[in-house]
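All chains are identified by letter, namely A, B and C, in their written order; residue positions are counted from 1 within each chain.
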């Protein structure tokens, strides 16, 4: 017979590496986010359009099925830049709402009760923490944007053949890059509103409103001053420009792709600065 | 009973279903009285009742003959420093106190003079023109104290007034309390630091689960607790031999040797007989270096009556 | 051959906050890593205790000089140091929507504990600090005392070598305070070094082996409490019942001297060669019952007041001076 004198024993085992530690926050966040019904529902809904698009791709590649249609119509049903653009618009829309759902819970809970010192007294540098939070959103949004996008692209390549790939690989790359840009902007805006706004619903509203308001203001500037450069302040518009340029479609009137990229770079920088100010373990009050 | 008292008679207060205090009867004389008890035991409720912020569901309260239902009269003689750490955003230390005094009806000149005096007494004159929001924790504690004393009240009710103060300021504040007690005022404070309660209080009120568990001077309270024999700690060179000798005394109920075998922890039913016996035995060369009563302090009494809940 | 690494090592450390210099060139070595001792950090408000802790944790940069914690430079090698550290902040610090177990598990994993071990340790530590029954509840439902314990739990869950505690007993009721101090003692027994910052000198006295007193950004006193615990045998506190009016006159009979403090309490100085037995004999002859008799050592409070300049000599020093045969 033995009496076990167990109780609390100090942990003396091996420590995990940097990447495992980095992924702790994203893993936990994903686990708790996907337990929310709304998030799950929205994610699933976001797959409806890709599935429809997949059907479309199948159709266009099986000419026999299109026998009975007019030639002009057949011209219309092509897997080209416009097709991917429409795909991107829809998915980008879902991404906005998902970001608004998932964003508020990113940083606000840590700030609400002063938990940052607990994080930063651990081997977790500030930039690592911020990047981990960013990863949460970017990961979630990727699942509904470029992942199905690239799958569709792959499907088209598979059905249409290598020659199609050689002619149109820019479409795939452009879609990927365009989505990434949109995700980056979305995620940073969501993070910033989570860092500055305590209440989740308000934070969600703010991250949505950010885009709508800027869009509205851009329109106002354009109509009041009768110019076309108003849209430079509209990030959604800027991303749109860039995507259209990458996909090779006609851009609408207004600042070109290069100007848009610059505007977006400025926005990203501003957001990073704004977020960094909130991630301090020590508040210095003068 | 010397002087006017703060009296509770059969007072009960409930917040809906939640218990505040349950049938409390108490008479607090002037001097420094400490309220001691676990969190949620009813200390803050008692203080709010005393200062008229809430009214009892049952029973009467009289603060120096004034019932709390006469707020005009009551507020003039009581000063309350709560544990809640909020002040208006716009307030500097000075304006915080002056505004309060203006509400009392003092004219501006008099209010400002009193405010300065109060700030002097707590040692905040240097920071008086800075915003309260920029104060450190200890400074906010002191400014709350200052606003409680500015109008020269007779009854001071202070909720954990020493919390967050560094040892120097603690000592100064305790001197302040003593000077008020000497002037015949009531200083009623709550504290968790039992050693300090021991040192500064004239009487102690132990409260748990919304009822008064004990009140009075600490030694009297201890003496009244029959169920527990008195504990003493004895250090001596030859502890086992001393223990053997002490076991022969019939008022001793238990003796324990300390780990280093140079001391005894013993329990006796009769402290006076024990002192007499020890005085005799000490002359027989056991090398008794120290005798200390182990449980005549608030800490021990707290442990007996309230325990580790 | 292992050199003894001090827990904290400062070399002319200067730290600024905004325009004000808070720490003005501090040099010291505190503690020895791995020996399970506790160091107390004391000082009035504004002395720089929090600033020092923030610098040691790497949250603030020194403007001059060096700071090392567990041998790691606080500016350059904090990444390695932090997996061996635990920190319990003074203010409220928790994540409301997480349960205690989830919270501790995440914190353990962030400190480098593998995921399955992290879950085990989370439960173990929660039981150990007394939050066993409440561990599946969200932290925002916890009472103040429970949140303090949860803060302590997250500081030790990953088995750090050094734990930094900022006002650990602040606001705790007596039972919780006792539990906290006991826990700190147990932590020391497992070999953890502890750095405690507190205003409650009794707590520091009870738990720490070494204490450092800061004032205006400089160290004014560094005492070894363990050594001080060896009592000053010549300085005695006596409390008697009975008529003690003649005691003062009678003390020279045994060669001693003393001062009454009222209520039967006396402070007596015994010169060399006079044994305590003489005091017992004297009490017996005066028909006095001895209630309390103890050697007095300088309490931390007296040491503190002297360091602050409020006391010219601590009583222990005064007693010693009177006996050394000074002219």
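Observations
The rule is simple: a residue touches a chain if its C-beta (ideal position, glycine included) is under 8 Å from a C-beta of that chain, and two chains touch if they have at least 3 such contacts.
Predicted model only: the values in this text are computed from it and were never measured.
Path length between chain B and chain C in the touching-chain graph (shortest route): 1. Chain centroids computed from C-alpha atoms place C closest to the centre of all protein C-alpha atoms shown. Set against the Cα centre of chain A, the chain with the most distant centre is B. Between chain B and chain C the centroid-to-centroid distance comes to 24 Å (mean Cα coordinates, whole Å). Inter-chain spacing, taken between the CA centroids of chain A and chain B, is 59 Å.
Taking the mean of the C-alpha atoms as each chain's centre, chain A and chain C sit 51 Å apart.
In chain B, there is no position where the chain touches two or more neighbouring chains simultaneously.
Contacts from chain A toward chain C in the complex involve residues 7-16, 20-21, 24-25, 28, 109-110, 112-115, 117-125, 281-282, 284, 286.
The touching residues of chain B, counted against chain C in their complex, run 36-40, 136-139, 160, 163-171, 192-195, 271-272, 275-276, 278-280, 282-283, 285, 287-293, 299, 302, 306-309. Across the complex, chain C meets chain A through its residues 17-18, 54, 57, 59-60, 79-80, 82-83, 85-87, 89, 91-97, 102, 106-114, 117, 121, 124-125, 127-128, 140, 154, 156-159, 186, 190-192. Residue ranges on chain C touching chain B, taken from their complex, read 42-46, 143-145, 167, 170-175, 177-179, 199-202, 241, 276-277, 280-281, 283-284, 289-295, 301, 304-305, 308, 310.
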